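Chain nomenclature is as follows: A, B, C and D, assigned in order of appearance, with residue numbering initiated at 1 for each chain independently.
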Amino acid sequence: MTNPNYYTDLALENHEQLQDDSGVEVTVEEDETLGATVTWVEITNPTGSNAMGKPIGNYITLECSAMKTPDPAAHEEISKILARKLSALFPLEEDTTILVVGLGNWQVTPDALGPQVCERMLVTRHLQDEMPPELQGRVRRVAALRPGVMGLTGIETAEIILGVAKRVKPDLIIAIDALAARKTSRVNTTIQISDTGISPGAGLGNKRTPLNHKTVGVPVVAIGVPTVVDAATLVNDTMDNLLHTLELHTLDAMDIDARYALIKNVLDPEAGNMFVTPKEVDAVITRLAHIIANALNIALHPGITVEDVGRYLS
Amino acid sequence: MTNPNYYTDLALENHEQLQDDSGVEVTVEEDETLGATVTWVEITNPTGSNAMGKPIGNYITLECSAMKTPDPAAHEEISKILARKLSALFPLEEDTTILVVGLGNWQVTPDALGPQVCERMLVTRHLQDEMPPELQGRVRRVAALRPGVMGLTGIETAEIILGVAKRVKPDLIIAIDALAARKTSRVNTTIQISDTGISPGAGLGNKRTPLNHKTVGVPVVAIGVPTVVDAATLVNDTMDNLLHTLELHTLDAMDIDARYALIKNVLDPEAGNMFVTPKEVDAVITRLAHIIANALNIALHPGITVEDVGRYLS
Amino acid sequence: MTNPNYYTDLALENHEQLQDDSGVEVTVEEDETLGATVTWVEITNPTGSNAMGKPIGNYITLECSAMKTPDPAAHEEISKILARKLSALFPLEEDTTILVVGLGNWQVTPDALGPQVCERMLVTRHLQDEMPPELQGRVRRVAALRPGVMGLTGIETAEIILGVAKRVKPDLIIAIDALAARKTSRVNTTIQISDTGISPGAGLGNKRTPLNHKTVGVPVVAIGVPTVVDAATLVNDTMDNLLHTLELHTLDAMDIDARYALIKNVLDPEAGNMFVTPKEVDAVITRLAHIIANALNIALHPGITVEDVGRYLS
Amino acid sequence: MTNPNYYTDLALENHEQLQDDSGVEVTVEEDETLGATVTWVEITNPTGSNAMGKPIGNYITLECSAMKTPDPAAHEEISKILARKLSALFPLEEDTTILVVGLGNWQVTPDALGPQVCERMLVTRHLQDEMPPELQGRVRRVAALRPGVMGLTGIETAEIILGVAKRVKPDLIIAIDALAARKTSRVNTTIQISDTGISPGAGLGNKRTPLNHKTVGVPVVAIGVPTVVDAATLVNDTMDNLLHTLELHTLDAMDIDARYALIKNVLDPEAGNMFVTPKEVDAVITRLAHIIANALNIALHPGITVEDVGRYLS
């Protein structure tokens, strides 16, 4: 899981904080039936990049609170929207090879999203000549890797991916990761896609090898879902409400960075190692993994539908 | 898991808040090598009971931060201390039947402590005549029940236990449950034992059938470990530190109850359904279950040692 | 899991072995699209009972090899057929309370079918007045119990069920269990329903308290799926084929019981403790649990469809 | 899991079948207290290699039935013996980097041995400068990889390992895998070590890239444990006993290969996809993973004992 830091993982959150958005193009689509909003942020130049604190590229955010409740019909719709956005972001040739990478620690539920997506992928790269007849011409070559996390492997995650990519020679890498949000309300309700790559295991104070077009030689799409907030964010969000209620403006007037740092500082040292998740976190992560894997299976394979995915993978 | 409420589940915390402790006898033992403290609070009369907000009875609290770190030698020592205290609390006849009840939801890691303890119990009630020769005369009749939680069963947990107890006819019931703490630092570092029974599933706004000597007809010992704090407690603890740092005394001066209620009120509604756990919660719960099950196996069976437990159960 | 014995758990297999079927009425329905066969065997009198080695009552067997392959559309059809048969077997009043019991050991995958069905039940008995408005009038009162197995609890399973039933006061008990088959081909392709009750944990040499109308006071429906064969059955089945191939008739001429006993006798003692399952046993048990839980949810709740089940339970 | 074939995975079994063992040196050690036998088979030349059907190299087999029962003290002794043999097989420099590879499918219990060993390794390669002071000078650089199986990844397992090895640059690779045995009695009682490499995913009809000194450029040690037998082996073993009992010698006189092929042929097609495991397979695999991981942690790290392993990893 990418650790929380001030420059939030969610480009959308950054955008909300911006006064000036030159170099940043934003398109918003609403699906009222579903209660879903898709925001496509394109950072087009260094001005926008500086303003957003993010590289030039595309940042698509799908927000829908139905993704954390047990509503299979809504989940199917979300998968379809996601699949359309993914297809718009990276047009694929027929003979493309795609490497799906499930980042994160499978032993820690809120961080297991990436590995769980991998387990639900329709993996086909190894079938080649032995493809079942009913799948022929309908699937692209897809591989799936769960590299683990450095604490379990002793190897920087990017090293594993680079080593495997050198042999698999994919045309596109798609990395799925659980993120930490800056707002409690974003947890398990937001999916962000970007084409600017990812730095597995990065976060506060960790310098890590980035995975992007420059370092891997092929496009790297990142799909992230905030599945936790850290303790300091929770306190900060609560404090906002509290101080307004009490009409105390001392903290209110503080710079947003300074206040976050102050709270981190006065947190119980025990709490620094804690995370905040919904009680039903196991069920929610399973649902999110289904939504994202379905979207990828539809977007990556030209002749596969949601129904087929059930047929071949359930 | 018992929900957090102002009258905390930990008698120890109540005691710390008391000015006046008449009707309350407290004995403290320290084990310096282990860094462990055992506090035995005995509430002896209604005055003590009113002051503590807890029934008359015994409340033993073992605090040791080694229980949340991977230190098997320390865990063995903690199990032995715990076994001695359990034996002091309930002297057992040779032919006693004991029903161990693992409360909580096995699908939610921090609430799975009780069920996990059950899985590590040396269960013997069914062996009777077919007892392996090397165990004869060394074990008491022990049964273990995981009743589940009402959301999964549709049955109030106390109903299940009362129904089974009627047939098993135990001389003693020991119920293990995960609790919610009022202090972040107590999470996974404290084990509390009491002989005043338990109300499975009780908490804020839930009235539940209590299990105690009066309702079941036999003594009910409760063993609890705080494995989470709720979001409001985390914020409250952080606030304490923050306000002192900032020398703001508005909130400081507030009544402790009023402040907790205020914070609960201004919490993001999403956060109300969240809990705060350490990242390595799965490993910690497994360790705690080992510690408690070992202690029970030693305390309940007259001729069983820590080594035997490994032999018969690993 | 009920242990294999000569009097097989599958009434259907007994019937195939019968020469004379007076007192036994058999109706067979085929669903050609699905490749499913439903056989309803009704044992109507003591002659039939003696001939079949089974009590008087109804034995419904649904055979369909699609249930062990990943085919959600077929599974949905199987659930619907099963729901219709269950409804025909036990007509329900509107205010009926049903106790669903998931027999078996959740730690042993092929025996975990019953517990897994429980986890997918739409449990409603505890909701009563707080029923969500959209469910009002559409659901009956359903409770679900996973009693565990005697090796884990120290308590005979029937004792637990009788104790809980005394308090829950159900009008009907439905017990789900994994069985051992007498034919390798039956594994994970057959669901049997009967209204004659069940003896949890019974099998070769184990006398157990039966659960049936007489012992519990309410009807007891048993739903069983053979999920394993024992090693001796596997050898026996193979031997049949082998001896015919070799035209050796020494064993062929042996009494069927004597031959099974002989094979059990010469089995490697290690193999006696072994069971034979498909490689993908975890996935198959999960699928079977879905099929049965969906069927029960539809059959027990008057206003619930397969789609709703997804909505409330996924 | 390596599929069963006539040329069994266990060199020991081959050796038992040999009449002539020139080019094969065998040393046998017994530990009577533990009931363990260590057989070190060294194949020294092409004659031995042809006779054994295995490459030139060392094959160490540790047999001890205590490894499948819950006996922690015995397991510790087995780990120590194993560690000594591993150290004798590959003397290590102080600054050696070792890559431990856990082969197999973590979703299939009897095949999950390799991945489970990885989870218990004391992984240190990433710590480097930040090594905790109490570990300095006591540990070598160890990394651990769980590559998955081709059905889950779409990538040949050897490709993943070769890609990662190119970046990690280990001096030694140790691969752990679950095997299929030719004798029922070998299941979960035998550990085999060899220094001749491994072909992940190979077996009947599968040609796979081998991992050995020639293909990877560094020594490859394989550690295997037979955790299943296939259905044909079980039948074959039983038949041996049966035919002797019946004094039927038709099959007895058959060539051992021909008979195995015949049995495979007459097996129920359903049984071909089945495997035979002990009922308590989950617990047994966990125990075996502990034994092997402990042995590796002691053998790979110069200053680490069994006690330390508990301390740093439990």
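Simple rule for what comes next: contacts are C-beta pairs under 8 Å (C-beta built on N, C-alpha and C of every residue); 3 or more make two chains touch, one makes a residue touch a chain.
What you see is a predicted model; the values in this text were computed from it and never measured.
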Relative to chain B, chain with the most remote C-alpha centre: D
Same-site or different-site touching of chain B by its copy chain C, using the half cut: same
Chain centre separation (chain B, chain D; CA means) in Å: 43
Length of the line joining the C-alpha centres of chain B and chain C, rounded to whole Å: 38
Centroid distance [mean C-alpha coordinates] between chain D and chain C, Å: 38
Where chain B touches two or more other chains, by residue: 107
Chain B residues within the chain A interface of the complex: 107-109, 184-185, 187, 231, 234-235, 237-239, 241-242, 245-246, 248, 250-251, 262-263, 265-268, 270-271, 273-280, 282
Complex interface listing, chain B residues touching chain C: 107, 118-119, 123-127, 141-146, 148, 150-156, 159-160, 162-168
